[in-house]
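Next come the structures, one after another.
One chain, subunit A, appears in both complexes that follow, with subunit B as partner in the first and subunit C in the second.
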Partner chain A sequence: MAKSGGKKRGPIATALGRVPRWVYLTAALVLAVLFPLLHSAGLMDMLWIRVAIRSLTFVLLALGLNVVMGETGLLNLGYVAFFAIGAYTTALLSSPSLGFHWSFWPLLVLSMVFAMLAGLLVGLPTLRLRGDYLAIVTLAFGEIVRTVFLNVTSITNGAAGIPAIYTPNIFGWVVTEPPQFYYLILFFVVVVVIALTNVKNSRVGRAWNALREDEIAAIHSGIDATRAKILAMVISAGVAGLAGCLFAYYQSFINPTYFLFMQSVIVVCMVVLGGMGSIPGAVIGAIVLDSLPDVIRATFSDWLPRVFGPTFMASWPAWLQSFFTDFEKYRLLLFGIVVVLVVIFRPEGLLPDTLWRSETHEEDPREQEYTRQTLFDIDEGNQDLEA
Partner chain B sequence: MSFEQVFSLTVSGVTVGMIYALIALGYTMVYGVLEFINFAHGEVFTFGGIMAAVVLGWTGVSDAMPIWLRVVCLGGALVAAVLATVGLGLAIERLAYRPLRGRSRIIPLLAAIGVSITLQQLMILVFGPDSIIVPPSVVPAQFVTLFGSRIRVLAFIIIGISLLLMLGLTYIVRSTRIGKAMRATSQDIEAAQMMGIETNHVIAFTFAVGSGLAAVGGLLVTMYYGSIRFDSGYIYGLKAFTAAVLGGIGNIPGAVVGSLILGLAETYGVGLNLGLLMWFFVAGLAAGLYFQLVRAPKRRLKHIREEDRTPAYEREIMRLYRLAPVYAVRVALAKRTDALMAVSARHALQLTLGNVFLAVMAIVFFLNGHAQIDPQWQNVIAFAVMMIILLFRPSGLLGEHSQEKV
Partner chain C sequence: MAPVLELVGLTKAFGGLTAVNDMSLTVEPGEIVSIIGPNGSGKTTLFNLVSGIYEPDSGDILLEGESIAGLRPDQIQAKGISRTFQMLRLFSNMTVLENVLVGMHSRTKTRLLGAMFRLPWVTREEKEAVARAQEILAFFPGRFSGPRQSQPAASLSYANRRRLEIARALAGEPRILLLDEPVAGMNPAESLEVMQQIRELRDRGQTILMIEHDMKVVLGASDRLIAMDHGVKIAEGDPQDVANDPRVVEAYLGQRDAAAS
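Presenting the complex of A and B:
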C-alpha cells in the first residue's frame, strides 16, 4: 500500500501512511471485538448490533466478489445467486420444512460446496466470453436461480419462504442472541480476510492480477488463464455460500426476496467504492455503504435532536427534514450516484490496491513500471524490446 | 391446438418482438460504435414510456374529444417523450460515459450500472413507485377478426409504426452522411477520426437515435399493456439485450431478427399447451443424446490422421463424450493436453449442458402438467435463450458486424 502513493500526497496522508499496517489492523480488530460491549453497558441500542451483523454479512459478500471482480477483473452481476444457494442449503437441511436437522459444521461445508459447484458450473462454459458478456450471463444466472427458488414450490415453499430455521449449535455453544451472532460472523470475517490475503499474495493471486492487467501478456508468461479464472470464480462462490449459510441461521427465515438482482448490484457498489482488488477496501466499502443510511437516519432523528433539542430542524423545509429522517428511501439512489462518481473521479476507490491504481491512471509511467516488474518480472534491460 | 390460436399467438409474438426490437436497436447501435453495453438503456426506455403517459395525462384527453383531437394529443405526447428521452440519452452520454472513454472495459460498464440505478431511483422519486396508467381513450380498443381469431387493432398499429421506424433507420444508416460516419466509426474509431469524422458527434447521434427509438417503444408498451412502472425497463432491457445478442450484437438487422425470434419463442412458450412442449423437449433431448454419444465423437475422430487412430485413443474420445463434465475439468486442470482433446472436451461439455437444459425443461413441463406456464418462467425462457446463444455462438445468428456495415 505504501508504495502506491509517490505523488501529490498531503502531510496527513503521509503521516498516516507511516503508521505500520499492523497498528491499523489491531485497532480495527479490537474495536470490532469491543463493539457489542457498548450494548451490554447500556450505551447503545440492540438495533446497532443488528446493523453490524448485516454489514458484516455484506463484508463477507464484498470480500468474495472482490476476488472475482477486483482481483481477476471479471464482472459478476449474479453474485447473489451463490449467496442464495448457500442460504437455501442451510435453510432446507436445518429446518422443519423438509424434516432435516443437520448440525452447523457439515452444513457450513455443504453450503460452501454447493455454492462452489454452482460457481464451477457457471464458470466452466462462460469464462471464455468477453468481460461484458460474462456480466450479462451471470446476471441471467442469478435471475434463473431466484426464479427456480421462487417457483419450485414443492421444495422451497415459493414466495412464502422457509421459516423456523434452527439455531446453530457449535460444539455446545448455542447461538441465539444477536451479540453471539455478531461474534460468530466476525470470526468468519477474520478467517476469510486472512485466507484471502494469503491467496492474494500467493502465485494464484499474482496470476489473477496479471490476467486482469493484461490477459495476453499473462498467458504468454505461462499462466493458465482458464484454470486461474475458474479458481477465482469457485473461491468467490464459496465465500458467498459461507455468507449465505450464516445469513440463513441469523435470519432464521428466508425467502426469494432476499436475493434480488439489486443485492448483487449493491455488493458491486461496495467493492467499487472500497477499491477494486483491495481487501481492506472491500471491508470498508461494505461497512460504509451498508451502515451509512442507518447512521444518517439516526443522526438526524435521534442523536442531533438530543444535542440541539428536539425541534432543531423545525425551521428547515419539509422536504429536507424528510430527506434526512427517511433516508432509507434514498439508499439505492445514493449507491447509484456513488458508483458513477467513484468510477469517474476516483476509479481506484477509497483504499486503493496498488496494482489496480496503476491501471486506472495510465498516464503515470512509474506505476506502470511497478506493475510490470511485480507481475511479469520484466527487467530493465528488456524494456527497449517492448517499445 | 387450433390454427386460430397459433395465428393469434403469432401476431402477439410479432408485436412483442417489434417492441423488443425498438429497444434492442439502441443496445446494438451503441455496441457497434463503442463496444460497450449501455446498461442504462432499459431505464431510458422506461423514462420514455413514463414521460409519454404523464404528458398524455396533462393533455386531459378523454372520450368526449373527437378522434382527430385524441390522435393529436397522442402525437404531441409522443414528440414530447421522444425529445425528453433523447435529451436524457445525450446527457448520460456526455456526463457519465464520455469521461470514461478509453478506460479498461469494466469501468464504463460499472458506470452504466450506476447510471441505471440512479435513473430508476430518480423515477421512483419523481413519478412515484406505482404504475402509471395511460388514459384509455387514446388506446384503440377495436378488434378485427382475421382467419377466425380476434386480434387487437393496436397490435397492427405497433407493428406498422415499428416497421416504419426501422425503414427510417435503415435509410439513415445506409444513405445519409451521418449514417456513413456511423458505419465508419463502428468499423474503426481511430481511422474514422483520422479521416476527419467528428466521432464524438457520431457517438452522441447514436445515443440520440437509440434513445428516441426506446421512447417510442416505451409509449407503445404503455399503450399495449395499459401501464408502465419505474422498474419495467429492467426486464425489457434484459430481453432486448438478449435479442440483440441473439441476432449478433452490433448488427442492426440482427437485432430485429433476434427480437422477433425471442418474442415468438416467449409467446409460444407461454401460450401453447405444455403437454406438447414436454414432448418437444423430450424429442430434443433424444436427438441431443444421440448426437452427443454417437455422432459427435465419430465426427471428432475424423480430425485425426489415420495412422494416429489407435483404439485406445478412440476409446478415450468416446468416453470423453460420455463423461463430459469429468473430462472437461480434467482437461482444464491438466498442464498439457493435446489440442483435439481440449477442443473435444469443450464441445462435449457444451453438448452435455444443452442436454441437461433440455432434460430440465422436459421435467419442468412434465411437472406442470397441462397448466399454463407461470409468467415467471417466461423470463427464464429469455435468459436460457441468451445463455445458450452466448455459450454456443457468441457472435449471434447473423454475426457481430454484418457485411452491410463494411
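Presenting the complex of A and C:
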C-alpha cells in the first residue's frame, strides 16, 4: 500500500510544512484576486474566467458538503437539492417569469433560508438513520426536489426553465461581466471559508467531529446528537443555497438539468479528493476536479500545438486526437479515475486535515492486545484455588 | 447529606434475560464504590442504565435526590454523570486537547453564530476552556505534557488512552464519575498508578462508581464493594469482606471449586 503516508515525510514536504499557514493563505488570496487581470492584460481568454466562476461555485458546494460529510460524518447524496432550491428561489423572485424583481441581499438571504428549511425538513426525520440509510434517503430527496421543479410547470416552467434572470445590483454595483461575477463569488468563498473555519475550531465544530469519530462517546460527553447533526445539515444546506443564488444570477437561466444527481456525486468526489473534513482540501478538490477537464482539453487543443506546432498530433489515431480535444465528453470518466486513484494511493485526500492521516495510513504499533485481567489473576491465593 | 447516586429497584430485561434485577444501591459523596461480578453479571448494563443508554423497565435513578431515569445520555451527562468505557471510545483523530474540550461540551455555551463570528466572549470562553483542559490533563503528570496535547488521540499509548478517557470524563465536572474497568489491559505498574490517581481524585472530593476486575485495584481503592451475579446484588460492604464472601467466590468459580478451596 501507500508508503508515502505516515509520519515519514520527504524533505520537500518537511520544508513546505515549515512555511507558516498564513503565507499560503495570503498567497492563494493574492493569486485569486489577480487572476482576472491576466484577461485584462490580454494574456488569457475569457473562457478561463468562466471556468473559474464555475469552479468557485463548486468550491462553495464542496465547502458546504464538507460540513456534513467531512466534519460530521454524514453521507449526503442529495446535496444538489439545496443548491437547486437556492437557485430556483433567486430565479423565481428575480425574473420576469412570475413578475418579481427582488433585490440582491434579501434574495441571497431568502435563498439560504429556504435551503436551510429544506435541510431541516429532510434532517428532522432522517438524522436518526445512519450511514447507508441516510445516503439513500438524501439521494431520494435530491431526486424529489428536481422532479418537483421539473413538474410544477405553472411556476417553474418545467424543463424549459426560467430565463432572463435579472442581473444583481449590489449597492449600485451592477454585476454583468464575468470578471465582476468572479469577484462576487470569490468574496463569498472567502466569507464562507472564514466562517466555517471559525466554526470548525469551536465548541460547535468539535461536537460535529466528535459525532463523526464516535457517536456513543460523543453523546456521553454531553452532545445532543440529533441537534448537532441537524445543525450541520442546516448549515451545509445554507451554503448550497448561497451557491445556488449566485449560480442563478450568473447563468441568468436555469432549468432542472443543472441539478442532476450526478452533480451531487461530483461534489462528493471533490470532498473526498481534497480530504474529508479539510476546508483547504474542499477548496483545492473542487478547483482541481472541476477545472481539470478544461485544462486537459486546452492543453491538447491549444497549448501543446503552440509549442510543438499545430500538427503535432497528426500521426495519432483520430479517436485519440478527439479524446483529448473533446475532453469535456469524458470528464465523468476522468472523475472516476481520479477518485479511484485518490482512494487507493492517498486516502486522506490532497490536502488532508492533518489529523486524518493517522487513521487512514498507520496502525499504532503501540496498540496492545486487549487483555482483561480476571478477578484472581493477580491474587496470590489463586494457586490454591486452581489446585 | 443526600447520597450522590441512588438506584431504587432498578430492573432491565432484554427479551427473556433480566440483565439487571431489582438492583438498589447508594453512593455517598466523596466515596469510591466498586462493582465486581463475573462477565455477564449485569455490571455494564447497570452503567448503561445510569448513563442513559438504556431506559430502566422499572425502578428509579436518583442523582442527588432528583430522578434522571428516562433522560437522554447527553442530558444525564449535563446533570453531572460522566463515564468511561470498557472498550476505549476516544475521538481518535482529534487531538488530546480536543478530546478533553469535547468533554466540556455541557459546561461551555458557545453557539453557532458566536462561533462563526468569533465574538469576544467566545474567544474568552475558548481560552478558559483550554486552560481548564490543560489543568485536567496535568492531573496525569508527565503523560500529556506540551506537544503531546496537539497529537491525535490515536497516537497515544494504550495506557495513556485510558487516562485520556478519564480526563475527558472529568472535564464534564461530574458529580459522580463512572469508571468502567479503568485499568483493563494495563500492566501491574500502570494499574497501580491509576489506582493511586483514582484515590487522589476521591481525596479531592470526586465521588466515583467503578466496575473493575483487577482485585488489587478494587481492594486498594474502594471504600465499599458491591458484588453482582445474574443481575442481582449478592454482597455489599467492606471490600475485604465482600471479596471473601462465599457467595462471591461461588459466583466466580462455581460451587464445587469453592468447596474445594
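Basically, the second predicted complex is superposed on the first by the 354 of 387 C-alpha atoms of A that agree within 3 Å, B and C clash if a C-alpha of one lies under 4 Å from a C-alpha of the other, contacts with A are read in each partner's own complex, and residues count from 1 in each chain.
By our rule, a residue touches a chain if its C-beta (ideal position, glycine included) is under 8 Å from a C-beta of that chain, and two chains touch if they have at least 3 such contacts.
Keep in mind it's a predicted model, so treat the numbers as computed, not measured.
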item	value
Which of subunit B and subunit C A:P310 touches, first, second, both or neither	neither
Which superposed partner A:I235 touches (first subunit B, second subunit C, both, neither)	second
Partner chain(s) touched by A:S202 [first = subunit B, second = subunit C, both, neither]	second
Subunit B versus subunit C as contact partner of A:I216, first or second or both or neither	second
Contacts of A:V137 with subunit B and subunit C, given as first, second, both or neither	first
Which of subunit B and subunit C A:V339 touches, first, second, both or neither	first
Subunit B and subunit C contact sites that coincide on subunit A, given as residue numbers	224, 359
Partner subunit C, residues of subunit A touching it in the complex	195, 198-199, 202-207, 209-210, 213-214, 216-225, 231, 235, 355-356, 358-359, 364, 366-379, 384-385
Residues of subunit B defined as touching subunit A within the complex	36-37, 96, 99-100, 103-107, 109-111, 113-122, 125, 234, 238, 241-242, 245, 328-329, 332-333, 335, 349-350, 353, 374, 376-377, 379-380, 383-384, 386-387, 390-391, 394
Subunit A residues within the subunit B interface of the complex	69, 73, 75, 77, 120, 124-126, 129-133, 135-137, 139-141, 143-144, 147, 150-151, 224, 226-227, 230, 261-262, 265, 268-269, 272, 329-330, 332-333, 335-340, 343-344, 347, 359-360
Subunit C residues touching subunit A - in the complex, by the definition given at the top	36, 38, 51, 53, 72-74, 77-78, 82-83, 85, 87, 89-95, 98, 101-103, 105-112, 114-118, 122, 125-126, 129, 152, 154-155, 157-158, 168, 172, 181, 183-185, 188, 213-216, 252-253, 257, 260-261
